[in-house]
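After this come two complexes, each holding subunit A, first together with subunit B and then together with subunit C.
Moving on to the complex of A and B:
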């Protein structure tokens, strides 16, 4: 008599139960992904960038002179993995940005991004002008 | 195979099957617990961000208000003393219109973009005098209406500020000093007062190391070539406020700018020091509510 395996119905049932239970456990573990950390990190980066740009006077200067060189320079100092798109809107036209700066080398091919807004006061006679700066940040996608 | 051995093998098989089943159920239970825990952590993290954002928005608005009012502050609180440095300008310009416009912008456009409900009350800033209050009861008043053109550092309840020393620096742009009437420089007072003056015509004078009495009345006035009015610095008992400083500008030409830097040394409050404008800020976004004054800083 040759040696061989005998697969009975109860062995098949046991195998099936084993696989179902294993798949259930795997499904639970796959769901357990902590995504908030990276999202929060992007939001905090965007908030910090806007605060620094406003408090250093770079945003006001860029809006007053209609030149975005310094803003672009600032975005270039961010860590390589961070991409950012900065738009400044006048309170009179919230659809068309008065200034638009995309970090050089970045493409808007993100799956996840964070957008933060900050108000800017630009001194002007006879009344100050108000703007909203909007910064969208995302992680650079390798191509 | 004997019947006895066959029975033992059956028993072993049942034990093995049950053990495997229990083990897998434990693994599933652990996976479900771990998954729920991560989800809870994620929700908590996202909920905390709402608080962080509220602070960011409040700070943003405080920065804008302070920018319009033009009062810069630098406070160092260490080794038992708080060193407060305030810089301002007279005439300060009329902030009524610009603050009202800012209030409207923040409550309207900005509030909508932040997807939040923002309500501000600038009434006590647009009444002709902006008050910056300190948590230890000190008050810096910056009057900017046409008939009131002064800065004053005093105790809010008109008591003694408790200041140990003052450094007052004045720079006048666009006027040449004609004459000055200095205060009597004391030697036995309890407050060390230094005053330095200079102008854009190169005139300068200073009176340093005066030991003045906190309850005395001291006036130092400056008059200018071909200009009506004067610049008067008061120290001590100023309008009933003890150990206070007031710089009043009555120069008839509004184009003459007086830059004032006031350094004050006070005992450090035990509970730390924070300072704010006397204006209310209310922010609401879902369950996150912020109701407070326009906070400028803490040390």
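Moving on to the complex of A and C:
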């Protein structure tokens, strides 16, 4: 007896289509996450670093002495998961950094980063000099 | 020679035969289709419940993270309202709490006052920081050694969902991390 075959086939086809839709929806749903949080956190870290470096006088000291040891030391104390590089540009040359410090052990292999710039004034005779400090932060990528 | 059946009418050639067959509606095919339909319906219900739970958790995470970020911002970047809130006799005179002396610099007296409030005014501080729905812990750690310099609040027992905002600041001539952890109640 073979009657009703078409109805059964329809039901199975419907089931198949339903399962495909379900799998697709699950795959898309699995991708949903709070991405804004990590970029916001990176941006705030970069802002904080520059503010603290300026507040502590390390930035000004590094620029006037042309030595980046203290800046490197500061970047090294950041939480392990954070990588950063700091460039300081003089007002006379905004293409070539006067100082360039990359956190030791970090590679620039990021997909997402936050860059913050801050202008600083360094006392100098006869006129003060203007510099732009640029800090880029990203999460360390496991090798 | 066969004589025509004059009793048979147009459109009902086999009526007597069909009348003998009952129960077509309960055929195997209908049963199979019903089972498949019920399976799909059950799966849809389970899945939609699962999706709504997942969205609820994501939204809760999202709200907690944003609450932690904004509370950390107001602590580190504002001096509170009134600006000398640390000298007020109690929290009824305070409309917001901030620890900043200048941007990213923590005022030692304000931090000390916040720690003093831990014993009797933990709930009041949570409300002023917009974290009434959560538990919180604020710690100030030396950036170099990670030694704890100050602490407010507590970490609840059990594996509660948490969000943390880590901010780098300047306190008493030292570079520090101000960590604000927000826990689900």
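Rule of thumb we're sticking to: the second predicted complex is superposed on the first by the 127 of 143 C-alpha atoms of A that agree within 3 Å, B and C clash if a C-alpha of one lies under 4 Å from a C-alpha of the other, contacts with A are read in each partner's own complex, and residues count from 1 in each chain.
Here is the rule we use: contacts are C-beta pairs under 8 Å (C-beta built on N, C-alpha and C of every residue); 3 or more make two chains touch, one makes a residue touch a chain.
The structure displayed is predicted, hence computed values, not measured ones.
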item: Superposed partners subunit B and subunit C on subunit A - clash or fit; value: clash
item: Subunit B versus subunit C as contact partner of A:22, first or second or both or neither; value: both
item: Which superposed partner A:51 touches (first subunit B, second subunit C, both, neither); value: both
item: Touched partner set for A:11, first subunit B, second subunit C, both or neither; value: second
item: Partner chain(s) touched by A:77 [first = subunit B, second = subunit C, both, neither]; value: second
item: Touching partner for A:127 - first (subunit B), second (subunit C), both, neither; value: first
item: First, second, both or neither for A:31, with subunit B first and subunit C second; value: first
item: Touched partner set for A:138, first subunit B, second subunit C, both or neither; value: neither
item: Touched partner set for A:40, first subunit B, second subunit C, both or neither; value: both
item: Residue range of subunit C overlapping subunit B upon superposition on chain A, of 9-17, 81-89 or 135-143; value: 81-89
item: Contact residues common to both interfaces of subunit A (with subunit B and with subunit C); value: 14, 18, 22, 25-26, 29, 32-34, 37, 40, 44, 51, 55
item: Complex contacts: residues of subunit C adjacent to subunit A; value: 27-30, 32-33, 36-37, 39-40, 43-44, 47, 51, 54-55, 58, 61-62, 65, 69, 73, 76, 102-105, 143-144, 165-170, 175, 177
item: Subunit B contact footprint on subunit A (complex, rising order); value: 14, 17-18, 21-22, 24-29, 31-37, 39-40, 43-44, 47, 51, 54-55, 91, 94, 116-121, 123, 126-128, 130, 132, 134
item: Subunit A residues within the subunit C interface of the complex; value: 3-5, 7-8, 10-12, 14-15, 18, 22, 25-26, 29, 32-34, 37, 40-41, 44-45, 48-49, 51-52, 55-56, 74, 77-79
item: Complex contacts: residues of subunit B adjacent to subunit A; value: 17, 20-21, 24-25, 27-28, 30-32, 34-35, 37-39, 41-42, 45-46, 49, 52-53, 56, 59-61, 63-64, 67-68, 97-98, 101-102, 105-106, 109-110, 113-114
